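As structure tokens, here come the structures.
Same chain, two partners: subunit A is paired with subunit B first, then with subunit C.
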Partner chain A sequence: MGFFTDTTLCIGCKACEVACKEWNKLPSDGYEFTGESYDNTKELNGNSWRHVAFIEQLGQERDTSRWLMESDVCKHCTHAGCLDVCPTGAIIRTEFGTVVIQDDICNGCGYCVVACPFGVIGEKQEDHTMGKCTLCYDRLKVGEQPACAKACPTESIQFGVVDELRERAEKRLANVQARFAGAQLYLNDPNDGVGGGGSLFLLLDKPEVYGLPPNPIVPTKDLPLRWRTAGIAAALLFGAVVLCAAVRE
Partner chain B sequence: MTQGYYGRPIVKPPAWSDLIPTYFFAGGLAGTAATLAFAERAAKNDRLARTLILGAAAGCAVSAFCLIADLKKPERFLHMLRVVKPTSPMSVGVYIFSAFSGSVFIAASSEVTGIARSAGRFFEAIAGIIGPIMSVYTSVLVGDTVMPAWYLPRKTLPLLFAATSASGAGAWGLLFAPARSNGSARRLAILGGTAMVAALQALHRELGPKQAEAYTKGEAGALARSARVLNISGIVCATLAKNSNALSKIAGALLLAGGLTERFAVYRAGCASAKDPKYVLEAQKA
Partner chain C sequence: MGTSFGRGGATTFQQDLQNSDCILIMGSNMAENHPVGFQWVMEARERGAKIIHVDPRFTRTSAMVNLHVPIRPGTDTAFLGAIIHYILEHDRAFKEYVVNYTNAPVILREDFKDTEELDGFFSGWHEDQNRYTFESWQYGSMDGAPHMDKTLQDPRCVYQVLKRHYARYTPETAAQICGIDAQQIIEVAEALCANSGRERTSAISYSVGWTQHTAGAQTIRGAAIIQLLLGNIGRPGGGILALRGHASIQGSTDIPTLFNLLPGYIPMPHALAHDNLKDFIESGSAMAGAWGNLDRYVVSLLKAWFGEHATEKSDFCFDLLPRINGDHSTYRSIMDMLDGKVKGFFCIGENPAVGSGNSGLHRRALANLEWLVVRDFNEIESASFWYDAPEIESGELRTESIKTEIFWMPAAGHTEKDGSFTNTQRLLQWRDKAVEPQDEARSELWFYYHLGKRIKEKIAQQAEPHADPIRFLTWEYPETGETREPSAAAVLREINGWDAQGKALSGFGELKADGSTACGCWIYCGCYKDEQNQTARRKPGSEQNWVAPEWAWAWPANRRILYNRASADPQGKPWSERKKYVWWDEQKSEWIGFDTPDFAKNKRPDYIPPNGAKADDAIAGGQPFIMQADGLGWIFAPTGLVDGPLPVYYEPHESPVRNLLYSQQANPCRRQFPRPFNESNPSPSELHGDAFPFVLHTYRLTEHHTAGAMSRSVPHLSELQPEFFCEVSPELAQLRGLIHGDWATIFTSRAVIEARVMVTGRVKPMILQGKEFHSVGLPYHWGSRGLVTGDSANDLLQITLEPNAHINETKGLTCDIMPGRRPRGEAVPAFLNDVRKRAHMDVVT
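Moving on to the complex of A and B:
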């Protein structure tokens, strides 16, 4: 199961942020005023599992403008870096195909934080484990949809089976392409660097405009190569030590 | 001009404290010290072997403290041992570290107490063989992240980690063993120190000018420049230190300080490459 976030429909109401915080009992991030349009949440982290981005754009002649809004969330990657590197097995792939951190197993080592190509994961302030969107695992188990999708008043956040969402996203893109020159789908390609996302997006500009990586790659892709080069380095090191001990001046 | 979304990071910098680069230093030193101890034992230089196996034990003790203290939930340290995950260099590393430090502690205890000498020697050999893997696996651990400064130098980062470890183990021998028996430590310090300076240059080349800025600018750059001065001074002192206790100790201290500073420089470079989105955007340019 996954999300299709259609940013053309987002009105920036942040109902998703609030519904997520309420359902998952996540604490506030404080009341800092950023001055960055209407965004005072700033980022996804251990306490904010939905984050609405606001981008104000002016035309070249500064006579036209548009306001982009996008509700960001964990991508529930097909090839999930966080899941690969978690050393305790706290991060699992659920029966719904989603990626979930079990907070009774996580020991807060923080490896997942640096293995996520999207910067989604952070420390939860209250119990010091790592936190991110669970796609409302508890709600899915009883046949409900995630709190954010339920709360979204414009169906910008759509919940469903990923394959169906991909089809829906393609259709929607074809529909809006004529009106929005920069419209594009994000993470809908199963052959991209993370094997496609369980969360896909219809964006109106380049991914980096929304703070998303343009070409995300799961770090573990290179792991066999890395172990090989490290093995060579270790062999050289062993050789160097033996050489230093064998030479007698 | 700010890039991306209000110049905010695209990927998150590590949530780790400075205990982690300290661990990279201590663990790297311990690994190579154990290997040199093993080689010196075989060469019948018991005096230096003793200094080195005790150095490896000290390195392991510091490492264990750093690793556990840095967990956000230290009381759950043992959760690492509930699974074996080849896809996680940290999981693989926990087992490398456990096997290595266990062997080192047995060998060092036997060395100090004189009890069970043959078992001590056996585990000293085991530690010596695992040592180089202990010294370089951390390069895989940091390489397997999305920090551009760690992810991109695929070839040179393991060499840099190996060289820093060699320099550290040699420096330990210079500092704590008498000059008449520290010859191989001195050679390893000179070789490792030189390799460290060279590997960092090679790493800059592998990254290219734009990505190398993570290593040359800001706090990471300042640390790297300090490390370079310390390391080159240490290499010069070590070269002149033959049969001189005083110069040996100065060289050892300089290279230990240089190696530790180098570890922090690499660590800060990784953090810097996450904090400024330009590195991720440059790396992912179509």
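Moving on to the complex of A and C:
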């Protein structure tokens, strides 16, 4: 299961941020005026699992003036770096295909933080374990949709089966391309660097404009190769040592 | 709205916006302040409708629409005037609708003079009394049906008067007033015209951006004229949607907290004019239309309130109703508080110390009371002003000399009590209590019910007549639980009313004037039909037609689109298949459709009233506006408004420029309160009119709720907008040296406050009459209490009222701004004295 976040429909009301925090009992992230348009929560982290980005693109020409809004969330990657590196097994792939941190197992080592190409994960204020979107695992268990999707008044956040969402996203892109300059899909390609997201997005500009990496690659992508290389090197080394020893003898 | 169409409510419902071919959102930031309803605008946009936002700022609403037009705050009437000019000039009105359903053909009196003839005034102006008398605005003939010219050619018919009146509102002139290009107005006008007619409809949606001006009612009248000319009232996808400022504001005018109304828009009796019920009924009821049955509504109301005591012999206890003898509106009462005429005050669901215009004046008024009851979740600023307020900080007020005794009581939240909300579209929706209120928190219903019970007990033994209104009042509702919470459903049932057998009524058609029926609010009659709480119905939209008549209940009679007889042509056929809604079924001999017809069910479209017909029988089969005595939509309002039968553009009370259209600068009927701490910044034509060079306007953000009592105490909302900020253009920032993210000091002749600076391209300078002007935008949510605090934008405002609705101008004043933090303590009054001196305001203006 996953999200399709369609930014052409996002009105920046932040109901998703509030619904997420209310349901998941997350604390406020501090009361700081950032001056970054209407965004005062700044980023996804351990205490904010949904985050609405505001990008002002206002030129002199009213026809091209835009105020982009995008509700960001954990991407629930097909190839999830966080899951790969978690040394305690706290991060799991659930029966819904989502990536979830079990906070009773997490020891707060923070390896997952650096393994996420999107900077989604952070430390939770409450118990110093790592936190991020669970796609409301507890709600899914009882047949409810995630709190953010439920609260979204304009269906900018849609919840469903990832394959169906991908199809829907393609259709939606075809529908809006003529109306919205720069419309493009993000993380809808299963062959991209993270194997496609469980959260996909319809953006109105390049991903980097929203603070998203343009070509995200799971950092553990080359891990098997590295292990192989390391294995060969070790074997060679071992061979050399044995050889040396044999020669000395 | 009431004057133009007959009822003071939105003519349509938010879900119907999905059927619009064009939506004009103006005086409203719908996406930010009505995000849930805005989904229907998005739905319309996705279906290909043109969505237009006319608003001073580029907001989250503007970001979603096809066209944004940034006008100067307070110039809406000029903008709408130019649209009317365009419709008339290019002959784009929906003629068949206009001729049959509006008063455009009515011939006006010879002695009626328009503003064209009297330079900004209508006939009937009394310079010495600052008011109009209305005789000359009446129809030419009031004996029976008014005289009409259905060819619309007679020079004295409303249509021709309108043409002359709006001749000067050219897009070019309006553009100079609004600070935009004429082409932008033409684009909007053309979009509305192209999307109106038989096959298409356009809707207009507004909120407090229109009402909070000294000419607010006339702005709404402008929209009414446009929608009548284009034939968009009573039809799907059309209408005017009044988006209310917060939950149940519609309900608080229906069952009013207003001083001059009884439930259901029945006027409050006047001390001098209404000695008995007969006088009152005669002066208040119309010969034709629904108001012809006023006696039934009033008698049933008196039965609901005074029960067995209300008999024919006791004149149904009419004498026990309170009387008014003048203006007792909120702001007038504040002035009276300052003057020591009001001793006590209940402050419920509001926070005037932050939320009302010129909040400093309100705090001074509260400090002059003997007692004050504040019921809220937290100790809001209106309860803490005696030790924590700008006036205390500056030393102008001293805690030890404030005598007000304050009773602060914890209130239950909306999830902690049963009850109904009446929302923006007249829809009553029931909500059940989810959790018990904590500790001593109680519902408002509990508070008033038990307060009433105690007062009744105390007064029971008093035989004096002045105790009768309380002694005779019916006050019995079932109580439940430990806290003895009264039943909200029983209150709703009383509002609905019952017959002589005590059976719930099913509609106001059943009300009687003989005392056999009781009904707490005639327009809500039917909300408890068949002994069922109709407002609690929750049948999903997917299981019924798109109008969803089985979701909750709307007044009147569960109608969702008002005046829907107009969705059919004079013969009763839908104007088009695409826009069919309610129509005449010849075989069944009744009106049918998707909604409850807003018309007598079996009245034929060709019905002509016989001579001497009264009330609804006097409304012809082709007249959809059944509340009006003439059954017509009022393009010209012969009665109902004190400042003119047609909208006129006047500058806001405080303005940086001269009125381009008339030599009269501001609305001559506006209500002013010149007094210390409520000084007016000088405007052009007055000396030193440029002393406060920038336009000031206030507004709200999605993240907070009004004066902040419900959001500044909630961490999850407070973090989203933690600090008070001002929004300025890069040009103004450069002009005044304001730095993004830093502090700015904003001041008027009333107050000086500080805010963080938000420099944004979303705010643009305006070119007015060839000169560049700037605006300062301020969200008004902050005060000194709560998790996030800040100065209150409303401290800067001045109190001058719109003369019909007594609403304060909050969205178009003048101010000045400079970089850095504000003065503190005793330096504040000194600073303001200096400001006033520099503006040469030695005398109170």
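Throughout what follows, the second predicted complex is superposed on the first by the 217 of 249 C-alpha atoms of A that agree within 3 Å, B and C clash if a C-alpha of one lies under 4 Å from a C-alpha of the other, contacts with A are read in each partner's own complex, and residues count from 1 in each chain.
Simple rule for what comes next: a contact is a pair of C-beta atoms (placed from the backbone, for glycine too) under 8 Å apart; a residue touches a chain by one contact, two chains touch by 3 or more.
Computed from a prediction, not measured in an experiment: that's the story for all the values here.
A.B. asks: Quick one: is A:Ile55 in contact with subunit B, with subunit C, with both, or with neither? Answer first, second, both or neither.
C.D. replies: first
A.B. asks: Per the contact definition in the header, classify A:Ala15: touching subunit B only (first), subunit C only (second), both, or neither.
C.D. replies: A:Ala15 sits against subunit C, while subunit B stays out of touch.
A.B. asks: According to the contact criterion defined above, which of subunit B and subunit C contacts more residues of subunit A?
C.D. replies: Looking at subunit B versus subunit C, the one contacting more residues of subunit A is B.
A.B. asks: Once chain A of both complexes is superposed, is A:Ile121 in touch with subunit B (first), subunit C (second), both, or neither?
C.D. replies: The first partner, subunit B, only.
A.B. asks: Going by the contact rule set out at the top, does A:Ala233 touch subunit B (first), subunit C (second), both, or neither?
C.D. replies: Touch partner of A:Ala233: subunit B, not subunit C.
A.B. asks: So in the complex, which bits of subunit C are touching subunit A?
C.D. replies: Touching subunit A from subunit C are residues 31-32, 35-36, 38-39, 42, 58, 60-64, 68, 70, 701-703, 715-723, 725, 740-741, 756-758, 760-762, 787-788.
A.B. asks: Any idea which subunit B residues touch subunit A in the complex?
C.D. replies: Against subunit A, subunit B makes touches at 3-6, 8-16, 32, 35-36, 39-40, 42-43, 45, 70-74, 76-77, 79-80, 82-83, 85, 87-91, 94, 131-133, 135-137, 139-140, 143-147, 151, 154-155, 158-159, 161-162, 165-166, 169-170, 183-185, 187-188, 191-192, 195, 242, 274, 277, 280-281, 284-286.
A.B. asks: Give every residue of subunit A touching subunit B within the complex, in rising order.
C.D. replies: 34, 36, 39, 42-43, 45, 53, 55, 81, 84-90, 105-111, 113-119, 121-123, 128-130, 208-217, 219-220, 222-223, 225-227, 229-230, 232-238, 240-242, 244-249
A.B. asks: Using the touch definition from the top, list the residues of subunit A that touch subunit C in their complex.
C.D. replies: Interface residues on the subunit A side: 9, 11-15, 17-18, 21-22, 27-33, 35, 37-38, 40-41, 56, 58-59, 62, 65-69, 153-155.
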